[in-house]
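Scrolling down, you'll hit the structures one after another.
Shared between the two complexes below is chain A, which pairs with chain B and chain C, respectively.
Up next, the complex of A and B:
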């Protein structure tokens, strides 16, 4: 048997994510099914608290789309998720695991805030790009460290990036408790940034800011890098078969470093978005799940920039509606993480199913070919 | 006095790391990484607390923790061993799920108590005669039972892995699954069994934090310790005795951080001490160059058809 779907050493998920996909309508619906099944599983847990899941989900949807403010909030929530999702997806294309987007995000947030607090007198047109640059560079260097360890010492990038997140949390805590602490010195947080450092709103009076479009542009850049440049070709080649890429003369060490520098910059920019666009300050321990949510989004979005953007919007709606539901009922906010976890599990299961369907189809094609001869 | 207190705490803090890393060594020797380790630690902490609180017995708490570990491990093992899906991705999904599930189920059972609910945690057990030795006695022989078990489990794990037929099968499954298959042994069953055993150990390790030490449950009580146990597995070169050495170093670092924090020592910021175990993991990960990686680690074994 040498049909593509049944090849021996292949790992299902990686193949489906990175390799060729079946393009029928069926497979396009798989992520949708995963989301629905994930929500159903979460609904069973709501029954434990004597809530009718259908009513909760009905409330969730109606809250998320209740008025222009909430709809705009979906875009605001999706903005950093697009970036942390891209951070994981980009590295995933090279079969590398950047689990540390949370830390890169925190470093980006601190850099953006420090920059805004240091130069409050600059006009927006200079200050905003400066903050964005600072955030991207900080995230890039923090992520690049994991890539460097991988390239130079062949250290396990999964562990290094994972551990560096905990270090980043400590760095952020230290900075907001010490050097960057608010003038009042009351809480572990920075002062509110000068107004010139705020990303302007798209719709006045809402949190939907122009950073969303920057995130879309970054998604486009990620797509261009991956599919339209030599670097991207190399990244995908290393991702698909590291040994073959090495034999083809590609310098994988350089790819490791480049991937983590770029991936870290994406996550760092998420920090800029949250600090300059939404929070307008840095608070200890804010948005603690952004990194892991990014992983879920990347997996749900098939590690493709378009899929990432769509999944981030879905997660954004889930968050907006979910937060309001948990505020107006006795459902705890941890239900959001539960729903995300279930959705991810069903996505993984759907890869298995997709793989099975593709294999069965290949087998059928092979046997039909044999018959007609 | 301070020194013996520090070493006592170091030995104590080692316990869950030992249990977790031993489980990870056993399962990775069969070629499967248990990436759900952090989530199972947390669910174990939850189940241990819940079982102990509701039944009034710590033993039942530890049993509940292990069963919860086995259940979570069964889900993880089913997806990764039998359905051949990606281990890291599946692990991440389960860890996110666990992060929400622990606190959610706590809420379902106990509502929102004004004060955190507590149980009396595991009492120290003084070993007769030995506990009266100067210095060594209070450091080593006035620990709780789980700590003794964890320390004895490491040489036992080494013996199992390198001196028994079971160990030979485990190691061969990771090194050369085709050969194991050809010898008529079911590779998937070995791997799945190892996932269950390691998950039970992880559940027990998690329960140490809730009922072996603090006597309460909080959602952030694990805070990456599962990943440190995961790291110890390969820093210890997939050998229980190597993991034991690593765990001791981490235990000392952890205990030193706590001791320095409580003593009001302010030469270095608190946050640095909190970050120290993680920094140490990164340094150790980078410095370790010679590895004895099980050959098929992380790749699902797919039996050749026909």
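Up next, the complex of A and C:
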């Protein structure tokens, strides 16, 4: 539900948007504490490696925001992360786990590339929507497979979606070594796409492309589906109390399938963003961590579309700054992955803490008020 | 009561509250050496909580436990075992792919005084088995044993740990009659060597078969201690289902109208494939409350499930206003005008993490949406109207239901279902876990709906509730209606006798 009935103060609006309406400011800021703790833990590790964490972090920030090219790159990096984050978050709202965003992303990427390679003569205005559609449909069907298995056979969607990623990787390998292989036949990759299939840049000379705004639109669509439609209502009801939803006459099998079709479409669109917006070709095994980073982003963002967008931007900045820091100093490049790992770890711990606080509060209420309030 | 025997186990003033529910309230009881005590009570009377406290799985909010006259603190099952308390859970705690002896020694370190030798353990298990008639092959694998044998293993596990006080949670629920008889003869044997038994049950026949004394729990309180020789079945039943039979009559019914609900020769299979409702027929008219009285587990919950489309009957027919309702489809029951106030509102009636206004439209999304989009304004208006009408205390329609009190949560379910149930209201234990004020509100609501001409089908194990509200009372026992009374004809004695299955045929 949106922001009904509350006074429109700035902090109130933000808390309403991220779904923390019932909690105090302290708990609303939990993700922030988690990030800070994650950075502190990463800093300790840097100390052990004989680096000055303050300098590293200072460099990281100053590199990330050094010039317009780097700032633009933050948005470029965040774009696919928003989508894979949304893919996980959306399914998570139904208490389902889509661990297979990576595979859905790959098949979306291949579908977008195949579309662009097949119709290079089409004008951008036709070709780009066509590629986007192909990517969304490919990801959707691949995700839908896990949803179908869950609905039809009560298979574990976590395992099915995770394992289907390995199949998707193999499919991608086959295609870039076979039917879609570049004309030169040298590397396992496709030809460069025709220029009409490139997503135009927002700022010329940077990688910041208009796909970012499409990702924002998708986040908005996810929000609308979840909180403004009957489908979203059912998704949340099934997610929070499957038994009560069944008692209310909702068909959970249909919800499982719908959730995975939509979630897969989000991840598939990430493929379109990366292929048509940044890479302009498909290379074997590119962006292998996009799916798993999406999981962390969704968790950091409280599985809320607004939270996902903000988290994706944070991770984008970490990436841009991190790459430059590790290139210009002797600190190992894996420090960025470790930082991301720490942040996710502390986010998960904060959920545990929130749970404890809520339980304590309920106990207090029970002992004070009894049942008759 | 036999207080002359030194008490092996005593609970003094045990109180335990969970959010929204007072599970145990000032429970005091003591059991002597060589005594078998039955703990009798309905579902939700607080029996399981009490024994979990005894076994260290919960900590009481107040009160104390004494073993052999000494006050003890039981922080964990390990403490309980050290004190000689063994517990047989309703759901066994065995590792299916391990053998009997492995399961029995599981968790015992050599430091407990016995070296972990397979042959020594097996020999001791054999000896214990012979002594108590619990022979089990120590080298058999658990998953190859019958349920009755598995229970023997559980008991041997406790005996191997030198348990002197054995606590059993509904031990016969999973047993065949023959296995149950074996269990009882073991309990008698065990008692005669000076040990103590506390066993939970809601079956009267078991009390008379094996117990020396019985404590009845109702609503979390000790409702009475009896020596088995001094107590009659109907004493126990009335104590169990509520004896403060102040017949605060609800408003007498006005005129009743046409038959709304007509159940014809309905048979229902339970979760374990046994027939829990057997060719049962009944009807409810407009402006009438039919109360189903019965000790829980006699098929009334399953009957209510079928009426609401949540369970597919084996055979028989349900007519609403003369038209058959397709079985097993919640929407079909809903569209025919059935509202359902379930016993377990948290699990079945509400989505606690969703808001008040969302929960109020949970069943009727189509009326609050257009082209698949929710009509926020209409949803809000509906919520504001129902909040006012039913006096739901909530900070806002957009507050999560989780934060409300039990009484207000039940009001939300009632408000929604009364809207949905334009013809028939099915209410199952509608006041379970509510305090008096909230329960009274629910009662008044049901009476009001009857006066508006709805048919009300009320299932309750609280006899006082049934007597207070119903215009007609039907007593259910083992899936059959044993008798039906107009309220004016109903007496506690008549009903009490039927609740136990009639004289000489107790459950």
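In the analysis below, the second predicted complex is superposed on the first by the 331 of 373 C-alpha atoms of A that agree within 3 Å, B and C clash if a C-alpha of one lies under 4 Å from a C-alpha of the other, contacts with A are read in each partner's own complex, and residues count from 1 in each chain.
Keep in mind that, in the parts below, a contact is a pair of C-beta atoms (placed from the backbone, for glycine too) under 8 Å apart; a residue touches a chain by one contact, two chains touch by 3 or more.
Note that the structure is a prediction, hence the values are computed from the model and not measured.
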| item | value |
| --- | --- |
| Which of chain B and chain C A:291 touches, first, second, both or neither | neither |
| Partner chain in contact with A:80 - chain B first, chain C second, else both or neither | neither |
| Partner chain in contact with A:245 - chain B first, chain C second, else both or neither | second |
| Touched partner set for A:173, first chain B, second chain C, both or neither | first |
| Touched partner set for A:43, first chain B, second chain C, both or neither | neither |
| Touching partner for A:99 - first (chain B), second (chain C), both, neither | first |
| Partner, of chain C and chain B, that touches more residues belonging to chain A | B |
| Partner chain in contact with A:307 - chain B first, chain C second, else both or neither | neither |
| On chain A, positions contacted by chain B and by chain C | 1, 6 |
| Contact footprint of chain B on chain A as seen in their complex | 1, 6, 8-14, 45, 48-49, 97, 99, 149, 153-156, 158-160, 162-164, 166-167, 169-171, 173-174, 177-178, 289, 292-293, 295-296, 299, 332, 334-342, 344-345, 347-349, 351-352 |
| Footprint of chain C on chain A - complex, ascending | 1-2, 4-6, 21-22, 228-231, 233-234, 236-237, 240-241, 243-249, 362-363, 365-367, 369-373 |
| Touching residues on chain B, where the partner in the complex is chain A | 79, 83-86, 88-90, 92-101, 103-105, 107-108, 219, 223-224, 227, 230-231, 234, 269-272, 274-275, 278-279, 281-282, 285-289, 299-300, 302, 304-306 |
| Partner chain A, residues of chain C touching it in the complex | 17-22, 61, 308-310, 329-331, 334, 340, 342, 347-355, 357-358, 362-363, 365-366, 369, 372-374, 376, 380, 393, 396-400, 403-408, 433-435, 437-438 |
